[in-house]
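All chains are identified by letter, namely A, B, C and D, in their written order; residue positions are counted from 1 within each chain.
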């Protein structure tokens, strides 16, 4: 913070300006989430001897790969004020195409290419409908949620393909040799760090925030609002495809039902991460912390044999608590402040 | 996944944690299975974790397998939502020294040592089909309202039924459509309504899962066609005895879920104690059910399907208790 | 969550004489086209039975969708509706099963009150604490479902446990018109009256159109938001009773994922997810369009493996058609 | 005069660490027009908001008819007879004009408690007729131009029962005709004994209207007195606390070759057959009433709403400009007229907003430097005297005028060669306005081509080299600086002449 900006123009004392602000990507919400993660880890470690182990890390990270990957583009899209509810269907459709290609004798890489292309096309269709036709993304992607999932069923009916290339299953199931770090985790970290840096430090990220806050202003600023949104939908499709193929490797099976309902968990994590449903706000760090929190809680409750009912209630209370407690304390703080300043005057 | 380095050392069930994973917990059928397991646990000891997702999903099952693996459960037993999808997780658990068995719904060969089956698919398919055929007088159109389209056990029965249609005796019967209600009351109801309305000549609905049967009965009643459309399939006397008593369903098929749980627990105990290894021909004591023999493919068949009617259903209610 | 606002430039202000059609006209045309299409595809479609079935089928969705629309009008959202329906369905059914002699009116009343109480929880949190509604209701989605699962466990209440009169709430007809449809129409009619013809209704849309302006105008936003959630909860309670009555089996999973169905109906009906725009009439048409699609496809006896794909496609085509039609009209100087 | 209608005594208001109003004393008497002057960010709107029941004072008292009152919400304010026109229109964009007017006051109801739409529409028509504006009362407000929205705001406030009418820069988006109309209405209200608090930056308007003047600086009233005791210069001196130059003489610039040429540009429903040439170093003013189509021409040139026909020639070569990116590649920049919906992102900081128009030039996957952003912001905060706690301050917490300065800075930062300014100084205080004029003039000296649209004729004539008039989308007479004859320009703008050719 520079001193020059405070001095001359504002003779009024402005202590707020001197106080160093938290960076936009690590604000009070991220601190709240971090505290929750720490609390959850502490409780889990204290109550389960199996929690704080390398094996548990490895297992949890491997299991969360598909979900984790999909969170990345969803965070970007929602910052841009859009949403893609078709991700889990794209996830299944791409894996289906991949699986059919593999069982049709295509090599692993070409088959992956075909699967990813499917995802890209699926994303592009969403993008065109939203940007060029001008339909709201929520309803477009509710439609393509059905369409893409339906196409997987058309292609596979009730069959499953479980003869998948060993390279893929190794990637999706195993750790780097001699460590407890899954291959997939490494891939995710690379993607996540790149996505975080680009969103908060990149020109593209800045543009996406502007678009989400006020698309009209973004357009008047010469930003390619349409192209960027279209690109984000394609990105979403591509990542969903990669996630879907990786997940197929993880369970060694391609089925039309793979990942059913996953979209709501993905959206839920992005929202818990503090990204606004209306766009323009939020931080990728928050999203990563939310992902971590959800993974930790799932692992803890599974290890503790918690019933689904309990898991639901804990998850729900956590989400409500996470927004309500800070809001309450803010209110308390404000009313105390008001009383104090009123007192000092009278 | 890595192969187990050798068979894990035998462990008496008394010192064991057994992770038994149902397809879904919020289901009276699996609650009865659990009752049977608890019966056996009282007799044999051991620490039973009967855990699973509330609504059947692959991810939820995999998480429970892994939790069993991390706890070092000596047995992981599963009724698989998807036979191949849970296999990698089971393989990993086996590599870490757990013994894996399946019950009710099998997993891929090679990923388990033992499968406790209630009855053969052939018998179950036939038993259900025969009720329908008899009630329809071996002629007319019928449709199927099944559970998930990917439910392999049910699909196996449906295959058996379709094969039956080739027999001369049933040449007058025609399957018009198989639809899926995903074991959800609303979807099953909607599927049954669609079936009935799209096929005005329909004479029967085969519902090889209790929720679909309940929904199909309601759909036929609501559309006012209950008098000409027969509904049957798989039913649960635990909460569907009335369907028989009121005559809405002539008869339906099931087995004793309580015995299935009981037998599974005994098989698990013998398996972890090293008494059996899963080879065909081995036998083990199964408490009140007597001695059981392992068949080909490591499959233990509990018995035969039971056809429930309004006359016999009350005698079996004990098998469907869900206390404990 | 985007609208096409960014693409349309402000139109010049023009004299009052401009021709005008209802925004819902496009949806009406879509509905008619769909009906005509299915009628040509399947002769069985154009029968009284089919329309009765569509009327019944859309009712539960419509009742909840009306509530959801109220919430959306105020620039909030309620994704807990599925769980609220599920929980009230279970409570109402188990109450009826446990107290056989209970008058039905009382059951319905209790369910509505329970639902309203759940809605009020959402409303209180959203309105007074000004926390994002999506987070609150996503949280209560899990909480209500968790309570439902804890209470119901593995038990199921089936039609056999309930008196016949219970199921008659849903299956009865008056002059061949399904009762369910009449309830839904009554709810929609009342909501239309409130939204279109009372200050409260207009103020709700105002709050969603520009919350800051609402504050500066002195509109009691908090009360309106709280009210919208409470009414939604109440309607979910009613829907819960109807659900149990119609589908017969009530367990811990009733109406799972129902929030998406409802959202789809509301958004197809032209309600803007970011608030301030929409009509109850549009919601009725949205629910009807979706119901016609699913009923039509079912009657056409489409393979279940194709059903979902076609349904998704038709939804997209329908909303695209509506939009294109509206643009056409607008370019011809008809404002909507 | 009698007793004041409303008196403010020592009121203060702070937002977190920022003191917006430090100590204000103000007495408003019936039948007087009281002008409140002050620099951007001096706390005028905050004061207005306290009267409107939007902010509660932290200290001090509001006294109505001799009794201290609290105004907890806007309804109470209205009940006390206070009507407020806010600086930024308080409208519901998705609702119709009728509904907007209805929601502002007690809505007409039938005995059934249902709304009486007939009466509501009649009220709306009457309210608009009072101002002599013609709006489609069933149009949604989002389809109205900024000027029409401002007029709607005023119409809403002109309620019968009003005892104090507060106008916070009501004329910022208006052109001569509407301003004149407003003046008439104010005079009439004044005669009826209504007290009027007028906040504005156009000093000529202020002095034409005001009976008394208060000047506030840094959140405190520094002087109050009868209007005739002030001169524009002395008022500005009080506002700034030192003497400042409020007008910069237009620099004589050697004009270069033609930079931008427009031939026969038309867009259906907006403008027809527009042709003009602007040279390097030239400042071309576009004059017209609200609705003349100037904004649409500007948007056409910037590729936002491309023209249907006609030609745009840059440096002698015909170009096609179909999108803002293309326009920007040709060095064209456009400072839009509506800062909230087109200019800045309110929920982000100055450091975020300033480089926004530069983003498209950056490599897509390249990284930004927060230090550079902040330095850029700091630079313009200094140059345009933006009153803020620093580059991290959110736009939404800036005063209206300071937001406008950010809009201008954002486009200056792109270093354009053709700059189109659409009412750039709206809401900007006199001192800053002079600085903007100097900036523009300096840019012209450096060879930039500038097209200036302004609703303030005085400004347009002071800054432009040449002025083209528009009336209802048609190009009218053109005037050269020699100097301008304001009367003739005005006549051309209002469509009364076509023979005065220059």
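Heads up, the rule we're going with is that a residue touches a chain if its C-beta (ideal position, glycine included) is under 8 Å from a C-beta of that chain, and two chains touch if they have at least 3 such contacts.
Everything quoted here is computed from the prediction, not taken from an experiment.
Number of steps on the shortest path from chain B to chain D, with steps defined by chain touch: 2. Among the other chains, the CA centroid farthest from that of chain D is the one of B.
With centres defined as mean CA coordinates, chain B is found 37 Å away from chain A.
Separation between the centroids of chain C and chain D, computed from CA atoms only, is 43 Å. Between chain A and chain C, the centres computed from C-alpha atoms are 28 Å apart.
With touch defined as above, residues shared between interfaces to two or more other chains in chain A number as follows: 153, 157-158, 216, 219, 261, 307-309. Residues of chain D found to touch two or more other chains are 304. Each of the following residues of chain B touches two or more other chains: 25-26, 54-55, 149.
Every pair of chains meeting the touch criterion is listed here: A-B, A-C, A-D, B-C, C-D. Interface residues of chain C, counted against chain B in their complex, comprise 42, 44, 49-50, 53, 57, 149, 152-156, 158-161, 167, 171, 243, 246-256, 294, 298-301, 303-305.
If you check the complex, the residues on chain B that touch chain A are 1, 25-26, 49, 51, 53-55, 57-60, 62-64, 66-67, 69-71, 82, 84-88, 92, 108, 148-150, 155.
By the touch criterion stated above, chain D contacts chain C in their complex at residues 52-54, 73-78, 86, 90-95, 99, 102-104, 107, 109, 113-115, 117, 134-139, 142-145, 148, 269-270, 291, 299, 304-305.
Those residues of chain A lying in contact with chain B across their complex are 50, 53, 55-56, 59, 63, 153, 157-158, 160, 162, 169, 173, 250-253, 255-257, 260-261, 298, 302-303, 305, 307-309. Residues of chain D that touch chain A in their complex: 12, 14, 16-19, 22, 41, 58-59, 218-219, 304, 323-325, 327-328, 334, 336, 341-348, 352, 355-357, 359-360, 362-368, 370, 374-375, 377-378, 381-382, 385-393, 410.
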